[in-house]
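A, B, C and D label the chains in the order they appear, each numbered from 1.
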Amino acid sequence: MENKIVLSMQGVCKAFPGVRALQDVSFTLRHGEIHALMGENGAGKSTLIKVLTGVYEMDEGEILLDGHPVSIHSPQQAQTLGISTVYQEITLCPNLTVAENLFIGREPRRAGFIDWQTMNRKSDELLEKLDIHIQPTQQLDTCSIALQQMIAIARAVDMQCQVLILDEPTSSLDDDEVAKLFDLMRRLKEQGVGIIFVTHFLEQVYEVSDRITVLRGGELVGEYNTSELPRLQLVAKMMGKDFDDLAEIKSTRTGNPDTGRPPVVEAKGVGHRGTVKPYDLEVHKGEVIGLTGLLGSGRSELVRTLYGADKADTGTLKIGGKQIKVNTPLDAMKHGLAYLPEDRKNDGIIADLSVRENIILALQAKRGMFKPMSRREMEEFADKYIDMLQIKTASRETPIKSLSGGNQQKVIIARWLLTNPDFLILDEPTRGIDIGTKTEIQKLVLRLADQGMSVAFISSEIEEMLRTCSRMVVMRDGRKVGELSGDDLTQERIMKTIAGGEKAHA
Amino acid sequence: GGAASSTPAASSAAPAASTASTTGGNDLIVVGFSQVGAESDWRTANTESMKSTFTEANGYKLIFDDAQQKQENQITAIRNFIQQEVDYIVLAPVTETGWDTVLQEAKDAGIPVIIVDRMIDVSDDSLFTAWVGSDFRAEGDKAVAWMEEKFAGVDQLNIVHIQGTIGSSAQIGRTDGLNAGVEKNSNWKIIAQQTGEFTQAKGQEVMESVLKQYDDIDVVYCENDNEAFGAIDAIEAAGKTYGVNGDITVISFDATHAGLTDTLAGKINFNVECNPLHGPRVEKIIQQLEKGETPDKLAYVDEETFDATTITQAIVDARAY
Amino acid sequence: MPEAKLTPPGQKKPLWRRIAGHHLFLPLLCLVIVLLSNLIKTPDFFAITIQNGMLRGYVIDVVNRASELVILAVGMTLVTAASGGQDISVGAVMAVSAAVCCQVLSGGEVSVTTFSNPLILAVLAALLASALCGAFNGFLVAKMHIQPMVATLILYTAGRGIAQLVTNGQITYVRVDAYKMWGSALPGLLFPVPVFFAIAVVLIVSLVIKKTALGLYIESVGINGNASRLVGLNGTKIKWITYIICGILAGIAGFVSSARIYSADANNIGLNLEMDAILAVALGGNILGGGKFSLAGSVIGAYTIQALTTTLYAMNVSSDQLPVY
Amino acid sequence: MKTLKRPRSLSATGFLLIVTIGLFVLMYAAGMLAFSGQGFAKPQMFLNLFISNAGLIVISCGMTLVMITGGIDISVGSVTALVCMVVAYQMERNGASAFTAILFALGIGLAFGIVQGFLVAYLDIQPFIVSLAGLFFGRGMTAIVSTDMISIKNETFLAWAKYQIYLPFGSNNKKGIYQPAYIYPTVIVALLVVLFIFILLRYTKFGRKVYAIGGNQQSALMMGLNVRRTKFEAYLLDGFLAGLGGFLFALNSCAGFVEQAKGLEMDAISSSVIGGTLLSGGVGNPIGTLFGVLIKGTISSLITTQGTLSSWWVRIALSALLCFFIVLQSIITSRKQKQR
């Protein structure tokens, strides 16, 4: 039997300058269902959600809530109507405490005044329930992105709502946390909440969702029952063409890297007080090395010390056999390093600059202030990478901030490829990227490695790493606890090493 | 509390107003002087006059405070002087108004207050002991008198009036003087009136603009020397003649060294002095008070006028500021 | 792969929308409104005559008087873009520069009629002094991470004190034609000399920005400091550079306005000009929080402000009401 | 999974506040030692800081409020001048009572708050530009009301202005006569305002919204906060406080004239910032602001007491001390942040 429809959007159109983000899109959500919204990067998922919650005004179309037409002009209004949202980009206030971020706008009060004690207590309970281990009194910007994402989710689910929207909530979560989230979603579903769920992880879609709506290029492709839509077909619908399987990638993996010559990067006892304990690491030419570990195990911190983003306070670093000092990222870049940071919004994009400028920025910085690129050169480079990575943008002069999340990520990847590095560090490069592009990026990594580039790859998806990496470094609590390669590279071995107990060999 | 121990034993023989003698050895007379600022040459000369008068050699200790043109700073400074228990407070007020409360505090503490330069406007005259300064209105009247004499019998006199900073006493007095003159002489006409904020640059800018609109300017009445310099530059750039041998008569105030130089050169026709040397006068009042005498409540400083046709090099050379 | 719904590159947006969307639209609109209101109220506002080989008229006045403001606005734009804050010390730095310049020229005298030292030496000393002021501001902002308005507050208060210290509290006059000339109208040149200073500054700075990557660096650092650091930009250095440039430009402006009055009036040179400069930047459509910038906008903004002031003079608005606009 | 609870540590802002207060105490103590012979150690000297700055404290609190939202209000100096002028004019020329004058003062403040708030919050004009227009407008209006200097002689008003409240401590003067320390009612009003704003910011929904907007306006909007309304209310309150502060200012200066309170906005802004408010928004606290005012007051008080500097050296010394303070504050806080 069908549940009652809680929300329905009819004929929604939305255009941005130069882009028709949504065209005549309809969408229905029932009580007590988890409805996956699928599509490639830039398909219009986030835009549909923002139209629904009043962040954008739609150009045409109508929204019915419980059968009544409503017009929503602000997120505040959406909230009062019982729509609670976790947006793709984290929308919390960095200067407030965790507890406040959870409760702002609906703080518990006593005699008209905010009751901080109750608020902190309630927050503690809420965080405890979701297994988030932080102090509610901690300031938000001291939390990692993953934690922030969990906090945003906690905030949304704690509000009494009939519609819950989750726009790529799992992009920075690890498996444990994803499982926790799914439990929560199922519980809410039983209570009759309708949930809209956006993700690029197909497994997750099939694990929790009841129905799927697919968007492509701003248009509605169709609405399906999850059980009736095989994966390959789903992918085909999203991409508009058939999809060659990921399995193919595995075979292209290179054999043993060239260990005869000095390693491209050789770190000895490099560490940073408070985040990474001193570690040794060698990376050879043409090698793809993975870094794995639980959330917060210090993978990002490790690569940041290599790149000089955090200045290492112990140890020595050799690049290409020569000992060098890396005080700033520019030093590292000059020696052929490149680093794609995990926090796209804060460390990656220069929001108001155009796609072109964002692409050429790193190369320009490397060349120096007095050797500016000509406009022609810049445009050629930009066009080349927009083409190569299939970046969806109105033009190369569009400010990067108006690109969809995944396309922003591609621009940043382009930025680093353009510098033609010897050693490329990718911290969560596939976060928020659709499955087609994800495969492309993995292939690209392998191709680059074949051409002699060394790559460090960090990802929350172990399968993805298994497919691309020839060696993996396992981290736990800011310490490098092991290295796995060759036949040891199995999911099971990795899990065991992460969990500890078994001594892995270097 | 706990700060009551600050009574300095050494100065216990503080000069009570009626007993101390002028040659009292180590017992320096402490004078707190709150100055407006250092916004002009005139002001600098005024400060210098005080500083060179109230030296330790003369038996004084001067506590100098610069208010940076803010009345609220002066109020604070006076409160500070009171806590320092100075013997006299000398105040060159930024404004005429708003001294009731703080002078009441000084009176309660038994410290005589001497006002210099601008007059103050208080509800109770006993709040200050004496005043020394210029009579700006009289300065204006002097200029008007000179104009009346020079332009007697002229059909129509077109006057451009470049005012000082609006609201300052000098501006008010000098403007009132001119306005009274215009009222009296029906053939006088102010064709333009605008503030030059006592600066050369603004004076020039205003004059530049006025010259574009009027061809028949007879007199430029500038409320200080700097404005006059600016006006002269503008006239020169416009290709008109001025000064003793020219069409436009320039009138100025202050008579600083630079102003007198231009007067001697015949560029400024008439310059009214505004005397900054108040130090000796104030000292005289303090000496009278020390002796227990009652000084005159109001003491105008002597101010001369300089006509370009009669001024000599010796007068210019004698001017230090 | 699916075609994105993009506007085909050949197709043009309606003309008026392209004009309205241009970043210089608003600043120009302001300027036009000010000028139009003149046309109605003071028809001879636009009259230009030639006298002694010089153009004369209100419009020329506007262009002439705005010179210092234009120069300041250029520096202020760079500082704003890179550091997301404003340099409120520019007026005071002008005074310092003027004081140093005149003091070197007069050799310590209060009033001179011949140069005591070569003019070039004086100008270099003045620019050095103002560059130092800029470097000091830059140090506090870029190195010590002090908020720009507060960091520059220090020189804002100290600057005029320093200038007075240099001139010993006096107004130093340099009554030499070779000095006056830089601030006045020279026969045959058509425009007063300060105008050329403004043009030169705007040209040179835009050239530097075009011919080096500085412009891109400044915008990048101003928009996202973290990300800029990670792509290898040295934000500290870049901010510092902008403050030094701003200081030097303030120095040039100080030289110009001191040449106008052939003296160093520590109290009045550049007084309150910092607010006008900031306003020019804002009127030019630049965001005061930093990031993307447009020099042209700021320059237009500066001329707009001066046009407004001159307009009010021309209309003979009573001085009391001047500030009300 | 390992529990990663961190020990409760002082937040960066809390630390900054303590540093600021600590430095203030140190500076004042140094002044008391150096100038004890010149009355600096008297309790009245300390109270004078409050007496002279009561208006500024109130105005700075309003400034702090809008600065936390990420805005700024540079019209406060002009509003103060206008308030003083209108108050003086109404009482002296139109014979209004002192109570009506209060209404005028608050009314002017509110009017500025409403207009500026509307322009900033609902028309999205940059606060700097809006309040710059306010600055010119306020000063111009003052001149239109009157260009004279008007002394306030209204008896009720003067009675308020001169009403000394004696405190149960004091000091002896040179002649050994005990003089109780005193304050004026303005001080009490100012301190109440600080307390009020503190409670408002810390314990009300409105206050927290103000911080949220300053932290990240876009996020605040997406979290369902009414950003426009909150901003509007912040400017409204700021305007009101500017009116009230202006009235306290009038009680201290007892006069109205065009040039009054010039540059007061800079004092208010710098006091807020020294007290730990960020111009970029999201961080700030009225207690810090209070100390910001006191620090600036102490610096000028030290210079006045010293009393031998020439005019230009006063300016240089003032800013050198200010510079020293700001740099020290910055060094200590960045040290602490590095340790994290």
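We take it that contacts are C-beta pairs under 8 Å (C-beta built on N, C-alpha and C of every residue); 3 or more make two chains touch, one makes a residue touch a chain.
On a predicted model such as this, the values are computed, not experimentally measured, just so you know.
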Neighbouring chains common to subunit A and subunit B, by label: C, D
Starting from the Cα centroid of subunit D, hunt down the chain whose centroid lies farthest away. A
How many angstrom lie between the centres of subunit A and subunit D, each centre taken as the mean Cα position? 45
Per the C-alpha means, the centres of subunit B and subunit D lie apart by a whole-Å value of 33
Indicate the whole-number Å distance between the mean C-alpha point of subunit B and the mean C-alpha point of subunit C. 34
Going by the contact rule already set, what residues in subunit C reach two or more other chains? 164, 169, 320, 322
Can you list the subunit D residues in contact with two or more other chains? 143, 147, 258, 310-312, 314-315
Subunit B residues touching 2+ other chains are 38, 44, 166
What's the contact topology between the chains, one of line, ring, star, complete, other? other
Throw together a list of every chain pair that touches. A-C, A-D, B-C, B-D, C-D
Using the touch definition up top, name the residues of subunit D that touch subunit A in the complex. 1-6, 8, 11-12, 199, 202-205, 208-209, 211-212, 214-216, 218-226, 282-283, 340
Applying the document's contact rule, which stretches of subunit D touch subunit C when the two form their complex? 126, 128-129, 132-133, 135-137, 139-141, 143-144, 147, 258, 266, 269-270, 273-274, 278-280, 310-316, 318-320, 322-323, 326-327, 330-331, 334
In the complex formed with subunit D, which residues of subunit B make contact? 1-4, 6-8, 11-12, 14, 32, 35, 37-38, 44, 47, 62-66, 68-73, 75-77, 79-81, 83-85, 95-101, 104, 109, 121-123, 165-168, 172
Could you list, by residue number, the parts of subunit C that touch subunit A in their complex? 1-7, 9, 211-214, 216-217, 219-220, 223-224, 226-234, 291-292
In their shared complex, at which residues does subunit D touch subunit B? 32, 36-45, 48, 51-52, 88, 143, 147-153, 158, 161-162, 169-176, 178, 181, 249, 252-263, 297, 300-301, 303-305, 307-312, 314-315
